[in-house]
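Structure first, then comments.
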Amino acid sequence: MTDILRVAVIGAGRMGADHIKRLSTRIHGAEVAAVVDVDLSRAQAAIEGIDGAVALASADEALSNGDVNAVLIATPGFLHEEILYKALEKGFPILCEKPLTPDAESAWKVVQAETARGHKRIQVGFMRRFDAEYAALGSLIRDGELGELLMLHHQHRNPTTPAGFTNEMLINDSVVHEFDAIRFFTGEEITSVQVRLGKATRNAPNGQHDPQHVLLETESGVLADVEIYVNAKFGYEVATQASFEDGIVNIGGDSGPYVRTSGRWGGAVTPGFEERFGAAYDVEVQAWVDAARRGEIGGPTAWDGYATAACCEAGVEAQRSGEKVKVQLNAKPDLYN
Amino acid sequence: MTDILRVAVIGAGRMGADHIKRLSTRIHGAEVAAVVDVDLSRAQAAIEGIDGAVALASADEALSNGDVNAVLIATPGFLHEEILYKALEKGFPILCEKPLTPDAESAWKVVQAETARGHKRIQVGFMRRFDAEYAALGSLIRDGELGELLMLHHQHRNPTTPAGFTNEMLINDSVVHEFDAIRFFTGEEITSVQVRLGKATRNAPNGQHDPQHVLLETESGVLADVEIYVNAKFGYEVATQASFEDGIVNIGGDSGPYVRTSGRWGGAVTPGFEERFGAAYDVEVQAWVDAARRGEIGGPTAWDGYATAACCEAGVEAQRSGEKVKVQLNAKPDLYN
Amino acid sequence: MTDILRVAVIGAGRMGADHIKRLSTRIHGAEVAAVVDVDLSRAQAAIEGIDGAVALASADEALSNGDVNAVLIATPGFLHEEILYKALEKGFPILCEKPLTPDAESAWKVVQAETARGHKRIQVGFMRRFDAEYAALGSLIRDGELGELLMLHHQHRNPTTPAGFTNEMLINDSVVHEFDAIRFFTGEEITSVQVRLGKATRNAPNGQHDPQHVLLETESGVLADVEIYVNAKFGYEVATQASFEDGIVNIGGDSGPYVRTSGRWGGAVTPGFEERFGAAYDVEVQAWVDAARRGEIGGPTAWDGYATAACCEAGVEAQRSGEKVKVQLNAKPDLYN
Amino acid sequence: MTDILRVAVIGAGRMGADHIKRLSTRIHGAEVAAVVDVDLSRAQAAIEGIDGAVALASADEALSNGDVNAVLIATPGFLHEEILYKALEKGFPILCEKPLTPDAESAWKVVQAETARGHKRIQVGFMRRFDAEYAALGSLIRDGELGELLMLHHQHRNPTTPAGFTNEMLINDSVVHEFDAIRFFTGEEITSVQVRLGKATRNAPNGQHDPQHVLLETESGVLADVEIYVNAKFGYEVATQASFEDGIVNIGGDSGPYVRTSGRWGGAVTPGFEERFGAAYDVEVQAWVDAARRGEIGGPTAWDGYATAACCEAGVEAQRSGEKVKVQLNAKPDLYN
């Protein structure tokens, strides 16, 4: 095991701040060395109470800071590419929040750049793979106890959307998690995407068509579908039902204290993704830190970032056309096999 | 199979009205021939729309009515005894709502009267034995798949109590169902009762101590306990958890449509015993009708009525003294073995 | 209320025998007067122990029997048409198991024949409408408490299929229930059907492609999908998840005693449709009997039989072509509005 | 925040090894500096792969090691006392696995020793307080949303017991957790204990009476009961049902992937306390480390250790006598108010 990770966190928004807190209070073997944000005051607020951390306004500065030896990228997706190249050049371990980059073309270039260097340095932040129930379903599929997997039914529901959340973002920011999950569960690439637009909720802001029903197929013919519903009001829900040859498995059910009061039985819905996947984020980041200290990565690769970007492009086209759209993928570099 | 049952229903209160509706719209092989109530207008209201039924003010009249060949007793418990003797004399099949009679001494006389005639004619209305989950747990215990039964934990909760509901009624009217249930599950008599009085709810009317914790033992040493809570506000709940040598079984869980809205997941609590045990009452009455047409009874006996009355007496004494009180039982007549 | 229903049950197979038992032991206001089966010995076995019932080999004989005043049709679907016409001619109340007839054209003729007579006499056996949870979801949708209904996700799983069960039967005999359910829930007609064929289970007999994913739309744009899986091995499951503007509702969850033993928690899966929908069948037949005695029908109409037949035709075409197929419907006669 | 905690872990058995792994791979702000075990080879095995940790055979040596500044005690309970005094003398932060000491008299001396020094340094390892559902129920009770708490029903079930597990250990090692939990939930001391011995499982080793039913009361009259069942075979279960004036709350229900296969629905039971409370142990130790770095403690105190020891003494006496036994407590030093 090498030295402790001294992490530069790039981006101190909601996700970045969450990771800063995680790294500086719960993760073993890593500390926050620097926080970068174009809004320097936000970076300064984020390092309060963290011994030895500095606030900076540029990623360049952070990467050249002698105290830094690892990077966590939590900026908006369109800013990832440039930072990725610089961090790759430094040879730093990188945890890059999804998306790797906003489109398949630029993601493919990142894959090529990493491949050229011959080492996997980039881990992409698909945290669901680290959720205990996702992991358990993944194992069930691989173990084959219930025979072959045949179908996957996904529900992905958010209470509300931030201002400016477009139809494209519904695919690129939300369904992207299911693209990765389906690839994770099946160990296969997704071959086509179709999108059904039906009756829309009155609660969707102007121009947004919500919910949508996304249909997918994998290489071996597993059929998947996703109800993506981002103004579902009641709370957050991410659930999957998997149909096997010899049984059915559900994950993502509600839990927590069970109350009977005022004529109702039940409990509280998880309000958002931080609460739902908080433990998964911890496991993800600890896995990254542990692997990085061994010179490896501990989760989804740049290839996963590229392949999901290709699915998103097909998804957005399918959303517009109503047709079934093929997913276009370059050949997979050996580095990722 | 003999003729259709022409039933005189004695008592047109809440429970009687429920049975009148049941007999005249859902039960096969029986019709309401007469309804008796001291309040004749209530009897008249109850027979509205029922072809061939008459409203009467006296049970005597009903039992002598040539059209009547069976009796369902749904009056207050203190009126049961006299009607039971008259119906036994007629040789009619009898379904008597619980309690058989209000005390063990009078119940024992009924047992002796029936025994003297040599035929079981009285079925007592412990309807829980006809609930699908009660029946399933009963089977599990008898089948021995999970080894020996060791403990039974009961919850019995009502939203509110009617005016004038006393501490004694909490035992005699409510826990009496668990006395029968425990005897049904174990196939044994209850040997002692203890009652714990702790903190009481502010929602209990004056003089009532609610909830109470009732502790019981059976002949073989099975330990049972009952939380009886009759002002529980949220709705109705009757549930049991049974501990076996090789596993644990719960019955009486919540069910129905599962809703996620307004930050909560869950469903509606059953509001009262009619909704919770409506199907059990149907099965109970159909079992009685089917058996009666064969000259038999199809459920709990007068002995069960007597034994539960003895438990109630011990329970009320235990409630007063705080001590463990033995249940006193006469020897069981052969008729009931 | 008119006289008791004296029912001729046509067909003494699995479904017919079930209805014979129901009518002669649980339903109030009806008795089995005659049982018809081409295999007379099967009809004779079915009436054993039923006072006043006769076994006959022809439906004609039964309909002319002076003791008969109602008909329950439980023969294979291709035999329904002829019996329906004869029973309509008699003016008898009719409970016809689904399908009304095997194709939309013949079903339309039945609709026209009934319309010509000016009275609804035919009730079609879509029993799910009488299931307590189906009814509850239907009420939730109509009441609008959760806003507008947007999507319906259905699972329909059987443990195995009988010999000779074809791909077409998967639509005509199985998904037909969802066609009716979706129409019942939404109060709208289904406008299109698409079928996805993916990876198939090794447990499907030769030639059968199982499971299949069926996609539907209604007049107002509600999107529905059905996983139809008829060799699912583990047991029987019929469940629905409904997405509303203001919440999500699930029906058809597992229930019954909850056991912890041998490292597992849970319970027994309902083995088949009789156990799952037994209570619904009782409610359905009682509703038919009660309505018939008032000269009415108490459930789905001949129009429902016709409309679902049209959905089935579109479904089978969609299954073959892989394309989205429009459902073709004639104008609805006023009799059914 | 002061320096990182350099922890001496005393005892490298099952619990100690678990904490060593926790401290050296998941907890932030602490590292294992030394591991002590009378079996030196066990200590050596435990530090494998941990940079900078030493294996030692004596606690004295560890406490005098300049690199150590905190102590985690995970030896058998009868060895705690001596180490506690030495660590108190050093002024080190201490996390002491339960029990504080094996009896109330020695525990009281520890309380006095700590009180004399004027600072709380000892945190006792009642990890359930750090379980998310325990914490949630605790909040519900304190918030008063459901009115006053009235009753607590506990189930505590283990699959098997280690060799030599006596009836006394059933109270001292198992029910001790409920003693603390009830004190945590109510914020009150326990005033009496009664133990019911009924039918025993065939699976209990010689001399052990299992299960037992333990009855408790708190200062304000809350009634609690515990089914303690340590040879329950099916797996591990720790659950509580709390009855309030305005509702009922359950915690500790089963969870995880939900499977339907082979005629059963359900999931896997948690096999043991490590799996059930693994996350709680992490939260507990992190809370201790965070507080210790601020010069405080972050959980149950030495007083809690003493008070539960007094409950255990009453419990063992109650087990022998069958009578209700009062819990004897000295006055609480101000340090703990």
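Here the chain labels run A, B, C and D in written order, and each chain numbers its own residues starting at 1.
Basically, a contact is a pair of C-beta atoms (placed from the backbone, for glycine too) under 8 Å apart; a residue touches a chain by one contact, two chains touch by 3 or more.
Molecules present, by chain and UniProt name: A, B, C, D = Inositol 2-dehydrogenase.
Note that the structure is predicted; figures quoted are calculated from it, not measured.
Undergrad: What is the chain whose Cα centre is as far as it gets from that of chain A?
TA: B
Undergrad: Can you work out the rotation angle that lays chain C over chain D using Cα coordinates, in steps of 5 degrees?
TA: Chain C sits rotated relative to chain D by 180 degrees.
Undergrad: When the contacting C-beta pairs are counted for B-C and for A-B, which pair yields the higher total?
TA: Most contacts of the two pairs: B-C.
Undergrad: So the centre of each chain is just the mean of its C-alpha atoms; given that, what is the distance between chain A and chain B in Å?
TA: Taking the mean C-alpha position of each chain, the two centres sit 57 Å apart.
Undergrad: Can you work out the whole-Å distance between the CA centroids of chain B and chain C?
TA: Comparing mean C-alpha positions, chain C is 37 Å from chain B.
Undergrad: What are the residues of chain B that contact at least two other chains?
TA: Correct list: 233-234, 237, 246-248, 260-262.
Undergrad: So in the complex, the part of chain C that touches chain B is made up of which residues?
TA: 1, 24-29, 49, 51, 132-133, 136-137, 140, 146, 244, 246-251, 253, 255-262, 279, 286, 290
Undergrad: What residues on chain C touch chain A, complex-wise?
TA: So the residues of chain C touching chain A come out as 147-151, 153, 155, 157, 196, 198-203, 211, 213, 215, 217, 220-223, 225, 227, 229, 232-234, 237, 241, 243, 245-248.
Undergrad: Give the list of chain B residues in touch with chain A in this complex.
TA: Of all residues in chain B, those touching chain A are 233-235, 237, 254, 260-269, 271.
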